[in-house]
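Contents: one structure, followed by commentary.
Chain naming follows the written order as A, B and C, and within any one chain the residues start at number 1.
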Amino acid sequence: MRFSRTSKALGVAAVLAMSLTACGGTSGGGNSAGGGNTSKAITANSTEPQNGLLPANTNEVGGGRVMDLLFSGLVSYDAKGKIVNELAQSIETKDSQNYTIKIKSGETFSDGSPITAKNFVDAWNFGAAAKNTQLNSYFFESIKGYDKVSAEKSTLDTMEGLKVVDDTTFTVELAAPESDFPLRLGYTAFYPLPESAYKDTKAFGENPVGDGPYKLAADGWKHNVSVTLVPNEKYKGPRKAKNGGVTFKLYNSPDAAYTDVQSDNLDVLDQVPPSGLQNFKTDFKDRFVNQPYAGNATMTIPSYLPEFKGEAGMMRRQAISMSINRQQIIDKIFYGNKKPAVDFTSPVLDGYDANLPGSDVLKFNAAKAKELWAAADKISPWPAGKVFTITSNIDGAGNKEYITAMANQIATTLGIKAQLNPIATFKQMRDLVNKKALTGASRAGWQADYPSLYNFLGPLYGTGAGSNDGDYSSAAFDAKLKEGLSAKSVEEGNKIFNQSQEILLKDLPVVPLWYQAVQGVWSNNVNTVQFGWNGVPLYYEITAK
Amino acid sequence: MVMFTLRRFLQLIPVFFGATLLVYFLVFATPGDPIAALSGGKPMAPAVEAALRAQYNLDQPFWVQYGLYLKNLVTLNLGQTFSGQAVSDVIGRAYPVTARLAVMALAFEAIFGVFFGVIAGLRKGKLFDSTVLVASLVVIAVPVFVLGFVLQLVVGVQLGWAKPTVSGAAPLNELVLPALVLGLVSLAYVIRLTRASVSENMSADYVRTATAKGLSRRRVVVVHILRNSLIPVVTFLGADLGSLMGGAIVTEGIFNVPGIGNLLYKAIQNGETPTVVAVVGILVIVFVVANLVVDLLYAWLDPRIRYV
Amino acid sequence: MSEKLTPDTDLTKPVIPAARQGKKSSRVIEHFVAPLEDTPLAAIDNVDETAAPLSLWAEAWRNLRKQPLFLISALLIVVVLVVAFFPQWFASVDPTSCTLDNSAEGARAGHPMGFTLQGCDVYSRMIYGTRASLMVGVFTTIGVLIIGGIMGALAGFYGGWIDAILARLGDIFFALPLILGAIVMMQLPAFRDNRSVWTVVLVLVIFGWPQIARITRGAVIENRNADFVTAAKALGLSRFSALVRHVVPNSLAPIIVVASISLGTFIVAEATLSFLGIGLPDTIMSWGNDIANAQPQVRNNPAVLLWPAVALSITVLSFIMLGDALRDALDPKARKR
């Protein structure tokens, strides 16, 4: 699950989008954005990558956004989240279970070694095998044979579902049909690796050789200080660099970065801190962006809590949802920089439907909330003096404010006690969630790995799914998910996924709060900056002045 | 004196082991699961999770973990961070920055603190004294995270006198502002301590003697009063050097200083035991040495104090 | 003194130090000393041996109650204490009834200091926050004074292995990061479910005592070889009595200074702990909590941060003034002037 340390930290999986110009069908080369300087490097904020830069071991923002510039996979996502072929010539399937993938020939890594089908198959096998302890290994779980290579103490190297046909062709057999499998292939975990990587993966992680629009400068990664990238001349894909390089300055807090952009000490910042939310539009006049990205904020009410079981529990969850005045919190705490949620996914996705039947439960309605709460009390009374707590880690700024406000609203509307249960560190919070030791609700959220409705539903609410923190289980919902996955096309699947959301709107395994939005600002030294579907700037598109 | 110094260095051994054991236990006892945090809250293959746990000895009981740590320590191996870097490298990069910052902050406190303190002590109850008191109050009552934030905004952004954050190389001119912020609270202590000592010593016999001898007021103040007033100040500064070397979590965070404070804070949050233990181990050595220097300074400041 | 002067000493002649005897000095320094009969020394130096000497503390008290500095600070502290004990006398608005309808609103009738981001009454929170903040400041200071004072005094006075053990223990505690300690302590089963002022006090005492211990040790080392200690020992006082009755009272000045400032920094330290998410829970109102919560709005709504900071300043000021007065009262030399 994509919890971020701060509620506004950007997506864990940073997936880069394709250039807007190419997506619009016009020529992608040259200086499209008003003729900027293409040889000058730009600076942007980031955080220290947590691990060595290996595709299957990079699962957080800091490493992810570097990886996505250093590597390119079969496909990438454009600014709107649409799939664009990078190395893939074609990805074909008849049954959503067996895929034949052809890659373009003549492409090379930045060190000149050719990219073949074997580079993909080896990299995926490496990522999936338990003995390599790659954090993203579960991303390969759909592939046939994953269960064997990922078993504890397994020494297997390869999954039977992956087969190299020739230099430019390989086949993938999944364990079960999954119509949105091609959508995932732009994610970091699915990048190819050059042969040289396996000799010493640790050394490779420090100084990776990729096939993306940029390559690491000599001695480019200064730990805890900066990561410097220079354009990769060998890259032929749609994301060609339009600047002389990107230097990521590593920050520990967005506050520090914000002051740096204000004084033109940093070029691009993709996260305005809470202290700047009220001012960034006046601080930066025409140098800011405020747009939704594929992420949302929710509140999990675990189904293992006795007060939230059965019919009464369902009514209580609905009552709580209706006692939250989302718009008011957005206006007062976030200064209007978000949109209230009306479903469980994100408006930037294909197939998003803002008018799902039953979404009224996500609108503030004090009278109805009180009514439902009273009705629930008749079935099984709320324990006298019981406090409704909302657990959240508060080691990153921004969580405390909105949860306190939310608790105040719930308390006022329902006439019960409600308060924030602050947890000092993220790891402690995760521990409570993983061990199912919560005694109340908890802060949650999801940031998409890849642009798909299913990604917002399956991993979160499917019975026994990896990020189903609230232990939600509904046979009807599971059946709908399966039906959607085996649909013939993505569009058809989305219709069915939206039907599955109607079930969720009744049960409310989590209470959707609002859609995340990215507030980005930039300095006087660069031209207008575009942000992608996942809230990450299109670094390769930025031109210096 | 030599014996005294030698003995002090011998004491380092039990102190070092005591401190590392204690801090190892504290990190061990922090709630939460470092491996779960490593996954960023995403699902993790059980086999991967088990392998990672074994890699960092997190599946072992406390004494085994500490024993393994000590075993590595003998070969000067401080362990690895979760990102696979050698802790010695990480600390080696961060310490010079923090040391520079600490020395600058300390110099700032010592020079301005003693200077203002002496004047306030000599003119007790006068306007200067009261002004300094009120200024100190502001510094005491406003927490660093507000003070630093405001100074950064005003000096760094609005006036543009200094860069608002510190870049990777952490040159001295960029460290001025954070050093100032870091030294401000301690400055209040140094001023008040100096002031108290000076005003107390002004009525001492030797001062009367010195004045009676016909010495100039400047000489009386600088040589006689000041030297005899410095013991509490030196004690405080010695302790403060240690605290500063431990890295200032909040200040380093505000100014994005790539120092020990940031490193330590992240390591504590993530439960990265080797990093925390190594930082504390070094810190305790700094404390013992700083304390030794302070004790030797006592003897120099006041010849009546003797060590055998 | 006068007995030592023999009548035939010619006081008008320069006295040549022994070291200089035999050398010819071209300098002639004239000293004028009044003839003895002009200064009735006996009258001045006469000590009233019949009056019982007051104890150090009694004398300090007699001196203290006459000082305006003491009276002002004592009055201020009494006011703060009354506010802490009876906040309801001073504020009629419920500080916990917060609604976003009032978020960050300015001052208006009945709400003289405006509202916080959450829409709570700033004035009311400031008044109700007094108790927790004062408790953190005062009890932490008392705690570190007791532990640090005893440890430091013993270490400094006896030296040797006692010093080695106690001072090194201080070094160990000094080196431990407060944040780490706080995170662990807050999670102990005893504190987890009822985090309160006492948890914060305990954490701050455990990690704060070495500073006072250091200062005390330094001051005691400075004084342990002083003449009055030698004199006391010569009079047959035990070493321990000499420490308690003579060394410690004469070493108090720096301890009082540090303690009175520390009282303020402890209150602020609670704010920093809150800022990092390990301080008092939001249900306990404190100045520190309010200051920490107001930080992100300091650019747009500084008043919310200002008022608790002002309350904190006044409290610290009164304790610093009290410390000053107490120090002067305890120092017989300062008193004379």
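Here is the rule we use: contacts are C-beta pairs under 8 Å (C-beta built on N, C-alpha and C of every residue); 3 or more make two chains touch, one makes a residue touch a chain.
According to UniProt, the chain labels map to these proteins: A = ABC transporter substrate-binding protein; B = ABC transporter permease; C = Peptide ABC transporter permease.
Please read these numbers as outputs of a predicted model, since none were measured by experiment.
> If you average the C-alpha positions per chain, which one ends up nearest the average over all of them?
B
> For the chain pairs A-C and A-B, which is connected through the larger number of C-beta pairs in contact?
A-B
> Report the inter-centroid distance (CA atoms only) between chain B and chain C in whole Å.
Result: the chain centres lie 21 Å from each other.
> What is the distance, in whole Å, between the centres of chain A and chain B, each centre taken as the mean of its C-alpha atoms?
Chain centres of chain A and chain B, defined by C-alpha means, are spaced 39 Å apart.
> Could you grab the centroid distance between chain A and chain C? Build each centroid from C-alpha atoms only and quote it in angstrom.
53
> Counting only residues that touch at least two other chains, what does the list for chain C look like?
Where chain C meets two or more other chains at a single residue, that happens at 183, 187, 276, 295, 298-299.
> List, in ascending order, every residue of chain B touching at least 2 other chains.
30-31, 149, 153, 268
> Going by the contact rule already set, what residues in chain A reach two or more other chains?
If we look for residues of chain A contacting two or more partner chains, we find 275, 395, 425, 428.
> Considering only the defined contacts, which chain B positions touch chain A in the complex?
30-34, 36-48, 50-52, 55, 82-85, 89-90, 93-94, 149, 152-153, 156-157, 160, 163-165, 167-168, 252-256, 258, 262-263, 266, 268-271
> Which residues of chain A touch chain B in the complex?
1-3, 12, 48-52, 59-60, 130-131, 133-135, 137-138, 141, 150-154, 202, 205, 222-226, 249-253, 255-257, 259-260, 262-263, 265, 275, 395, 425-431, 433-434, 459, 465-467
> Contact residues on chain C for chain B in the complex?
164, 167-168, 171-172, 174-177, 179-181, 183-184, 187, 210-211, 214-215, 217-219, 221-222, 225-226, 253-254, 256-258, 260-261, 264-265, 268, 271-272, 275-276, 288, 291-292, 295, 298-299, 305, 309-310, 312-313, 316-317, 320, 324, 327, 331, 333-334, 336-337
> Taking the touch rule as given, give the residues of chain A at its contact with chain C in the complex, in rising order.
273-275, 278-279, 325, 328-329, 332-333, 393-395, 397, 400-401, 404-405, 408-409, 412, 419-420, 422-425, 428
> Write out the stretch or stretches of chain B touching chain C in their complex.
The touching residues are 7, 11, 14-15, 18-19, 22-23, 26-27, 29-31, 133, 136-138, 140-146, 149-150, 153, 185, 188-189, 192-193, 196-197, 199-200, 203-204, 231-232, 234-236, 238-239, 242-243, 246, 249-250, 264-265, 268, 276, 279-280, 283-284, 286-288, 291, 294-295, 298, 302, 304-306.
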